[in-house]
Amino acid sequence: MRAIVYKGPFQVAVENVEDPKIEHPADVIVRLTSTAICGSDLHMYEGRTAAKPGIVFGHENLGIVQETGPGVVSIHQGDRVVMPFNVACGFCKNCVAGYTGFCLTVNPGFAGGAYGYVAMGPYRGGQAEYLRVPFADFNCLKLPPGQEHEDDFVLLADIFPTGYHGCELAGVTVGDSVAVYGAGPIGLMAAYSALLRGASKVFVVDRVPERLAKARDIGAIPVNFSEADPVAQIKEQTGGEGTDKGIDAVGYQAQARTGKGEAPATVLNSLVETVRATGMIGVPGLYVPSDPGGVDDAAKRGMLLVEVGKFFEKGQRMGMGQANVKRYNRQLRDMIIDGRAAPSFVVSHDVGLDQAPEAYDKFDKRIDGYTKVVLKPAA
Amino acid sequence: MRAIVYKGPFQVAVENVEDPKIEHPADVIVRLTSTAICGSDLHMYEGRTAAKPGIVFGHENLGIVQETGPGVVSIHQGDRVVMPFNVACGFCKNCVAGYTGFCLTVNPGFAGGAYGYVAMGPYRGGQAEYLRVPFADFNCLKLPPGQEHEDDFVLLADIFPTGYHGCELAGVTVGDSVAVYGAGPIGLMAAYSALLRGASKVFVVDRVPERLAKARDIGAIPVNFSEADPVAQIKEQTGGEGTDKGIDAVGYQAQARTGKGEAPATVLNSLVETVRATGMIGVPGLYVPSDPGGVDDAAKRGMLLVEVGKFFEKGQRMGMGQANVKRYNRQLRDMIIDGRAAPSFVVSHDVGLDQAPEAYDKFDKRIDGYTKVVLKPAA
Amino acid sequence: MRAIVYKGPFQVAVENVEDPKIEHPADVIVRLTSTAICGSDLHMYEGRTAAKPGIVFGHENLGIVQETGPGVVSIHQGDRVVMPFNVACGFCKNCVAGYTGFCLTVNPGFAGGAYGYVAMGPYRGGQAEYLRVPFADFNCLKLPPGQEHEDDFVLLADIFPTGYHGCELAGVTVGDSVAVYGAGPIGLMAAYSALLRGASKVFVVDRVPERLAKARDIGAIPVNFSEADPVAQIKEQTGGEGTDKGIDAVGYQAQARTGKGEAPATVLNSLVETVRATGMIGVPGLYVPSDPGGVDDAAKRGMLLVEVGKFFEKGQRMGMGQANVKRYNRQLRDMIIDGRAAPSFVVSHDVGLDQAPEAYDKFDKRIDGYTKVVLKPAA
Amino acid sequence: MRAIVYKGPFQVAVENVEDPKIEHPADVIVRLTSTAICGSDLHMYEGRTAAKPGIVFGHENLGIVQETGPGVVSIHQGDRVVMPFNVACGFCKNCVAGYTGFCLTVNPGFAGGAYGYVAMGPYRGGQAEYLRVPFADFNCLKLPPGQEHEDDFVLLADIFPTGYHGCELAGVTVGDSVAVYGAGPIGLMAAYSALLRGASKVFVVDRVPERLAKARDIGAIPVNFSEADPVAQIKEQTGGEGTDKGIDAVGYQAQARTGKGEAPATVLNSLVETVRATGMIGVPGLYVPSDPGGVDDAAKRGMLLVEVGKFFEKGQRMGMGQANVKRYNRQLRDMIIDGRAAPSFVVSHDVGLDQAPEAYDKFDKRIDGYTKVVLKPAA
């Protein structure tokens, strides 16, 4: 079959690879109809991880079940399904507790697995024609047959639940004011989720006018940090108090507000300032324990200078980490089916596999409006 | 009346001060029968804060109501009452939400007030014969008449709820394994609370044998960090997994495990290592936004190098800040009355006001077994 | 001052009564600008309660502070405020736990008090020019100055939070399907709140076409129970499964679906059937322990035949009781201010005090479109 | 193999039946070492259900894995395991949400399955030498090897988690007063769990002195309802207030307090009276939608006269239904391993399979101290 193969920094190619096959009775094979490129794929693409050439990317996968293992009970050939980016077993201590992003079974020695991602286990990615899905009864979420909502549903694999997870970690609830840092796909999904949960006022901080415009379109209040200190801007619009909740959808590659280069703790510390005493902060934006490209020795080891004293004084709480997609994807799917949510407004491009190399290049350079690309392997 | 007055670094004196009086219809005056010295009083005593000579210390107060303002409804002369260390109004946004440690009324411009503490508002401390209690209906917790459980009840003002708050922030529940760093009064109260909440296994980390012995007495597992890396010791006793939850009862004056001096983030980072993926960390131990005695420039501004990358990778959550005593003190009082809790095992000394200067000196030096002192102004 | 006085069954009059005055340091006097007639006022109006002639009705009150007692701290003359229908002290065991609808202080011997309501304590109602508000710091919620949103804000006194409380008791959350029985003001507020909380699909059951049309207008799915069994209608639209959650906004005066007369348990039992296994049911609709007009002896004592066996088999949960308005009114106020909620769509008439007798008559008879009347004492 | 076979009302026999075998890749076969007789087995034994002769009873099962299907991942031959009485798939909507007692997969057309129980699916019971366990990775909880704690661990299959579930439904937390009606095995486990969760005061209501003595032994306060109205007794011991929480561990076969015969709603209604306003009630005691032996026509259809008016007035909440054992069994297992819980104090008899008929007879008659019998098939 054809697949997107990583060839080295800034290089992917469409190549023929071996077809996946049923390896365990609980597996299914899915013929992919939509598979999105994620911002986190770019970390590997740029060569800033230990990913070796040869890896097939792709953890945002939707398609039609082609074949089922003899142990599969609830999923059948022809079913249209979307899979969480986290591979999970469904029965370990963490999965049973709902922490499917930290499965103890699928990636031995580590809590959590994923498709097509370095160090996340032996699961080939889905930017290809077919995908093997392990523990299929647990990992496949059934969708209505047909093609409707295809670009909404594919976002159930990762970014819609990931944005929602930010709200969950921050405890966003009815009447809350919320500050979301970052207006990329995750930040927009976090802001969108906050509004779905009944937030009264959602600020979105970024400096890219197009992104801020999208934030405004969904009912959020854009805050351009290149114009003035975002903390001050938000405090001014909240009677000096700051927001009830905050979400970091940027992560460790945050840009310094003024001057050049990365300032990896700037968003975290801005949130400590932005959020009022007793508030909560959710962090779906990625921080890593080892970053060879870190700005200093500490950052290289994932250690950042955090305003702990202020955090204590304000009695705040903070939660981090990748989303447990399985906790939310069914409910968010129903929101899409019932016409209450349509997250595909973030999708900028639908392209065939053949255009993937170009799409990676442009997405990585953030040019020509490439903000969220969905590949269509069947096209 | 007589009161303990701060005279300057390492100096307190018993002096005559003006009697407190009703200043507002909701005030009461309490004649103190027990008032404890807190570890946090030592920060002021040592001159490491902005506290000016003349301040009367004391935020752990219990006594008999002497006089009531005309607006007081539920509290009467002769009632035996204990007051949370936090002064709170009961009706601001934060108090109504249960965050009485972050009252927006009592200390204008800041979230939170307390008796006898620098920068915590105009409330004279209770290490004296009498205390004015504002918003008395809200701030007084009634106790059974008599003298029974006096040293248990006085701990309801601060350290028992504060230890309990650590468990609340960490979400300690039935069957959890818990690591508590610090076996001072707060750490012991945290471990004790964890067991009351049904934790299956509670580790307590310290290096003082007497403290560790107390931890063992209440059913916890002592871990002496001077013997070996406490993270390794705890992982060894949890099948390599680490604990479900962790509590920092040390704060920013943490000692480096090896070598000399303070290592202000060492406990926080040890907890990130100790607690397993998906776990929660509660931090009742104090961190401050400004510490003139900090080990470096960052520490002086309350900024510490935290293992953010690891924290994210493990999907942990963390909550900090002073306890909202009012949320817990009624329930914990009932545990004492019903014979299910007896926290006074941490009290080392009951002394009269006259011995307060000596008690401060010895408590500060941690000599002669001074670990928790209760003053008896009426004695 | 002028006030609406109950004269006997089906009779109210505008009369002069004594002006209220400060009786306690924590009181304020409010000059009313809006005060709504509640469906529960009709129980008294119809003579189906023990209410004696002379009582002044009115528990949905909004106005301008005219005078403050010497103990009031946060409320000032000229402030625009709305009061929860529940009178609460703010410091009793129940208030501190957030159960302000069950205050133990304000109505001795009973849990809960209210303005202008039989057996709910000595608090005169607000369908008048002035109102005394006890424990004013706790009971007054400040509003922005001016007249904006007047008819939205007045609903913060009762029906908006009461509808929201139904959702809270039922645990309505993102992606839920919800069945609301009753499309009167409370039912509409419950459905509206469910959508604010992110429900994916909200059914509203009634038989009055105008009410069902309002339900449809806000995005709910109307179900006319006079056309067919509502349980069957809802199951048909949920794949045979029933809804995740259910809300009873009808109460004990439920009409039998077929035939004539009251069937006091019919809504409760329909909800047990409508809601799927593991679901939750919230009941803001009123049930009473003593109903002289009950359909049989058991009903007269508030005892109803409930499908307990089915309830157990389905593993459902149910919560009942009047709303703790204070828990929600601040957040819902902010939703109004920020343009995210506008509950006044349920208000049918704004009239002066003089028209109150006519409004009572028409509202009681449900004629001329009287569904929710707001009196304007200052008009 | 040998198994306990139901022959008809009041008759079971030890007979040879076909050995179970792997029927699906996710199955395992367990060689039973302990399998308890449950009070709910007696409903079938007495012929009060639709159970047909030939059924093999037994849903409280513990043993050693004998054989594993090719799809089983985490369970191996020789593992010592205990199974929840509920058979669950682990991946349906309800299982993923933690409601494993209401699995939608294992018993098509019904929410929930169990071993050896009428209408709970095609799963043979474990009062036998061997048991087939479906979805073994999900349904087997691993235990430490050996024989230690055997009679504690076997209670993890049902009654310990079921008693705990009562506390969960009632929201029992630190400092609560709790009333448990029924001092049979479930009631004792509920009281025991309440104390583990930090309840300050637990009342246990029954009339059998031996049962009440056991309640006292574990630290609860016995209340003999044959001596005086239990509501009055409990109110007297709670300052007239009643308890914070209540648990019904009796169910529909409740005996009238005075006079003869069953009064199926008496415990429910006593709890509404016993529990204070704002309180919660958990009901693990069984209620059925169809009871041919019901005391009247309504009872035969599972409809009972409930004090709905009082329930509303007090703003209470109530949850019912069978336990989701999987939610609690891991944590409770750890409590046993760590020496913090030892529920086997309720076990009265350990006997071989051959004595099962005698044990059924005596347990059913409640003679010779038969309160909880554990069969030892390997003995």
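Annotations for the structure displayed:
Note that the chains are named A, B, C and D in the order they appear, and that numbering of residues resets to 1 at the start of each chain.
Keep this in mind: a residue touches a chain if its C-beta (ideal position, glycine included) is under 8 Å from a C-beta of that chain, and two chains touch if they have at least 3 such contacts.
All values reported here derive from a predicted model rather than from experimental measurement.
Both chain A and chain D are touched by B, C. Computed from the mean C-alpha positions, the centre of chain A lies at a distance of 42 Å from the centre of chain C.
Annotation: 42 Å between the Cα-based centres of chain B and chain C. Residue positions of chain A with contacts to 2 or more other chains are 330.
In terms of which chains touch, the assembly is arranged so that all chains touch all other chains. For chain B in complex with chain C, the residues that touch the partner chain are 24-26, 69-71, 73-74, 89-93, 96, 98, 105, 137-138, 326, 330.
Those residues of chain C whose C-beta lies close enough to touch chain D in the complex are 94, 97, 99, 101-102, 111-112, 169, 252, 265, 268, 276-278, 283, 286-291, 298, 301-322. Within the complex formed with chain C, the residues of chain A that make contact are 164, 173-177, 196-198, 200-201, 328, 330-332, 334-335, 337-338, 340.
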